[in-house]
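One chain, chain A, appears in both complexes that follow, with chain B as partner in the first and chain C in the second.
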Partner chain A sequence: MPVRAYLDLPSKLALVFLLWVCAFTLSWTFQVSLCLLLVIARFAIPAFRPLSPRSATAFSKFIVYSISVALLVVCLNALFIKTGGTIATVLGFSFYEDGLLFGLKTASRLILLSFSVLMFFISTPLPVLIGYLQEKGLPPSLVLVLLLTLHFLDQLPRRIHQIFLAQQARGAPVDAGVISRTKALLSILSPLVLASIVESIERGTALELRGFLSRPAADRIPAQIGKQDNLLGICFYFLSLAILLYSIYRWLIA
Partner chain B sequence: MAHRLIIENLSLQYSSSEPKALSSLSVDVPAGSCCAIIGPTGAGKSTLLHCLAGTMHRQHPESVASGRLQLGETRFEGLPDHILFPVAALVLQDPYVQISGVRDTVFEEILFTLENLGAAPQNPRKIIMPLLQRLGIDHLANRKPTSLSGGETQRVALAAILVAQPSILLLDEPTSALDSNAQDKLRAILRSLRGTTTVMMSDTQIDFALAIADQILLLDHGTIVFAGSPSALLSRAREYSSIIPVESWLATQSFLTSLQTSSGHQKLISKALGLQ
Partner chain C sequence: MPKSIRQRIAEEMTGAALPFLAFCIALNLTAGQITAALKIPLYLDSIGTILVAVLVGPWSAVICGSTANLLAAAFGNPTMIFFIPVVVVIGAFSGFLAKKGWFRKWYLVVIGGILQGVLAACISAPISAYVFGGVMMAGTDFLVLYFRSVGNTLLNSVFYQGLASDPADKLVSFLIVFFLTKNLPQRLLSRLRGAANVG
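On to the complex of A and B.
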């Protein structure tokens, strides 16, 4: 059986749940290791490969952005939480041990949470996800909200790109540097978000006009879930439970 | 089975403080016929179609309506408070928003409508493929719906509605994304529906509307300023030149060409153009 089959949708959801449990219970070193494993999995495991070159690019960009944000979070915490010993002094600014540790914990947690969710969405076809949620009996209105939200997030970068192109065509200096790009982005932000919301509403109406909300439960498409998927998913849930119980035990005896 | 559509004295305000978007509209569309709504932007064409599809209360809960609607044997005081699909089915103006994004191929996208209705047949190909052939998009059956051109997407959106066999088909500017070839195909499709489906469509392309409609409604500021046959509108075209660009559409060669197969209009066009 191909590797992808062992990590189908229910197992992947269970894995995301496990990673979220790890993000709140385990040490930052373990969390950083898990993040690295996720990045390796993105290349090595077919089930985690991005569905399109666009989602692959989005994931790579997200890695760069999240590392930048993580570094910022670590530096700011190390700078402003002035307890513990001084680790280093750079240009007259002192960095402290407790702040550094807190920053590392926060940053690694945020990265693990976001990596696991992003990995799930870039490697899971939307039709499969929606079919699965419908089969599981999620109310159609909730499925519709999720569908529109994902579509909104998917379309936003494309719209930003289109508007930048249009501005460039009119001679606006959007490529002049980070400040120009930021200023250009700020000026288009509200019309951009509004236009995307309007489009989402129209899309919702169009789906309603095709009877999406009145879909009978008995006719929802069954997701293709094998026994192996169930087994792996159950393993992930047991592991999550074990980690949670261990964390509670550690907290009680501390 | 086609339904007769009756609108009696229908008025609508988006909220009680706003002016009327539709004002005392009364129309009787016989079962199986085609009624085209024309008029300038903001005349109320799309609003009327949304009222008939039952989306107005969802989109504008604060809207205030009066009058009566009758679709077949079902009567509504004011507007329906629910979407009337599949009795009345609306195809929106923007074809791209009508693609669900939850199916991988055009075939599955059409099947999605039947699944929503709980009416997916044992062998869906028997129903869907002939429909796609009729619309001239059978070669797209295995394509990704989001990778199509505007015209192709428009026809897929139409197929996704037609597969539900609505009694009343509502089309909001169906030609907006179509080139002239695709318009010809759409015209043929709408003609083929005559007798089996009641069609009500809005369009800014007056030549297209005139070529297929049995009845024309000319709307301006939410009021019907003309209701009658295409021939009657053509004979009085110059009266409405302040509302619609009569001179330009009468002069277009495409208009003459499109009507070559329609009987009865040729003389009137020639007369309106001063050729006789």
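On to the complex of A and C.
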């Protein structure tokens, strides 16, 4: 039996939901542990491995970035929210307990939410996601929009760079004051939007001529979801529900 | 008989509107590249949504904003997924203003832009405060901390931070869309549904 390259989408979505529930209900220590587990899962479990070197780099960069932001958030909150006892004084700056706890809670929740979303997207091929959405009833026109967006995302940075250089060569005030630079924005956006409308009209005409918009929905590929996958997804949802109920119970007796 | 949302979306998304919508989603995602190149301290990340709201319609603008945020999350900015309600309101409100003819006169565009900014700040503040504790991993976090340190609650601090940045951002976005649509040739404009909004 071949090793699966990715977990099925419904189970993965259920896992993301579970992590979101944990981010809002559990304490920061649990959340930090879950974040660490997610980082380990990215390396250890094939289903969570990035699909391309680009995704892997994006994830690694995000880990470094989020850790530095988390440290900054914790320190700044401990410094600025001056309630609770003083924990430490460094170079004349006092750090307070309430601020520190708030910073830890906020940073861990932010990182857990971000990691769960990022983990889902870096390990799920976009065509698979689009196919799944189509199978769930996403109209073909929206699928086309998504695919065209990917095309434009590939093209736009190059176009913007070309227009920017051209306007700079013509003497547009791209290095002057803020107001002049904001005006120069128009000289970059105008040709970009104009070209995109022309291209859109051409593509729209081609779509109409091919009868894309009047065609019935294409045959949908049935999702290959096994019983085990269903069970895993259901387990994640039950666990989420249990955590939610427990949190409500704890809140009621507090 | 009133039309369903599905029918309204289907009416808007025909012919050239589909590729144009895709372009505007991509524009939302790459606007940061332009502002970075010009060193302008604004996001302008809803410029595509406003453009679609004016030239195509409000439902397409809602789809444009939501899709752009989903893709932003997919491409490395996961927090954007939680701000989908904000872009939904931006798309719907801009589309509403465009239908009412607010994109025909510059002074209405100015008022509309400021109103849009205040509305965006109102909706994003609870999300930012209760989901992220006011931390958005951006330079504006310092502003939130400053407001908190002078005795404001978290929600108020995030709201004041939003009020300090969103109206200016949305005003510039509205003005750019106004000037862009004013300068478009009528021959091209007439191929899009919202041509009458900028007459």
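We adopt the following convention: the second predicted complex is superposed on the first by the 167 of 254 C-alpha atoms of A that agree within 3 Å, B and C clash if a C-alpha of one lies under 4 Å from a C-alpha of the other, contacts with A are read in each partner's own complex, and residues count from 1 in each chain.
As a convention for this text, a residue touches a chain if its C-beta (ideal position, glycine included) is under 8 Å from a C-beta of that chain, and two chains touch if they have at least 3 such contacts.
This one's a predicted model, so the numbers in the text were calculated from it and none came from an experiment.
Student: Applying the document's definition of touch, where does A:H151 land relative to chain B and chain C: first, second, both, or neither?
Tutor: A:H151: touches chain B and chain C.
Student: Which partner does A:L126 reach: the first (chain B), the second (chain C), both, or neither?
Tutor: Touch status of A:L126: both partners.
Student: After the superposition on A, what does A:L165 contact: first (chain B), second (chain C), both or neither?
Tutor: Touch partners of A:L165: none, neither chain B nor chain C.
Student: Comparing chain B against chain C, which has contacts with more of the residues in chain A?
Tutor: After superposition, C is the partner touching more of chain A.
Student: Return first, second, both or neither, reflecting whether A:E199 touches chain B, chain C, both chains, or no partner chain.
Tutor: Both: A:E199 reaches chain B and chain C.
Student: Tell me which partner A:R210 touches in the superposition: chain B (first), chain C (second), both or neither.
Tutor: In the superposition, A:R210 contacts chain B only.
Student: Which partner does A:I234 reach: the first (chain B), the second (chain C), both, or neither?
Tutor: neither
Student: In the overlaid three-chain picture, which partner chain does A:F102 touch, first (chain B) or second (chain C), both, or neither?
Tutor: The answer is second: A:F102 touches chain C but not chain B.
Student: Find the residues of chain A that appear in the contact set with chain B and again in the contact set with chain C.
Tutor: In the superposed arrangement, which is not itself an observed complex, chain A uses residues 126, 151, 199, 201, 203, 205, 207-208, 213 for both chain B and chain C.
Student: Over in the complex, which chain A residues touch chain B? Could you list them?
Tutor: Touching chain B: residues 125-127, 130-131, 147, 151, 199, 201-203, 205-216, 218-221 of chain A.
Student: Can you check the complex and tell me which residues of chain B touch chain A?
Tutor: 53, 55, 58-59, 83, 85-86, 89-90, 92, 94, 97-98, 100-104, 108, 112-113, 115-118, 120, 157, 160-161, 164
Student: Report the residues of chain C in contact with chain A in the complex, numbered from low to high.
Tutor: It comes out as residues 10, 13-23, 25-27, 29-30, 33-35, 37-42, 44, 47, 51, 63, 67, 71, 73-76, 78-79, 81-82, 131-135, 137, 141-142, 145-146, 148-149, 172, 176, 179-180, 183-184, 188, 191-192.
Student: Hey, which residues of chain A end up touching chain C in the complex?
Tutor: 58, 61-62, 65-66, 69, 73, 76-77, 80-82, 102, 105-107, 109-110, 113-118, 121, 126, 139, 141-142, 144-146, 148-149, 151-153, 155-157, 160, 164, 174, 178, 181-182, 184-186, 188-190, 192-194, 196-201, 203-205, 207-208, 213
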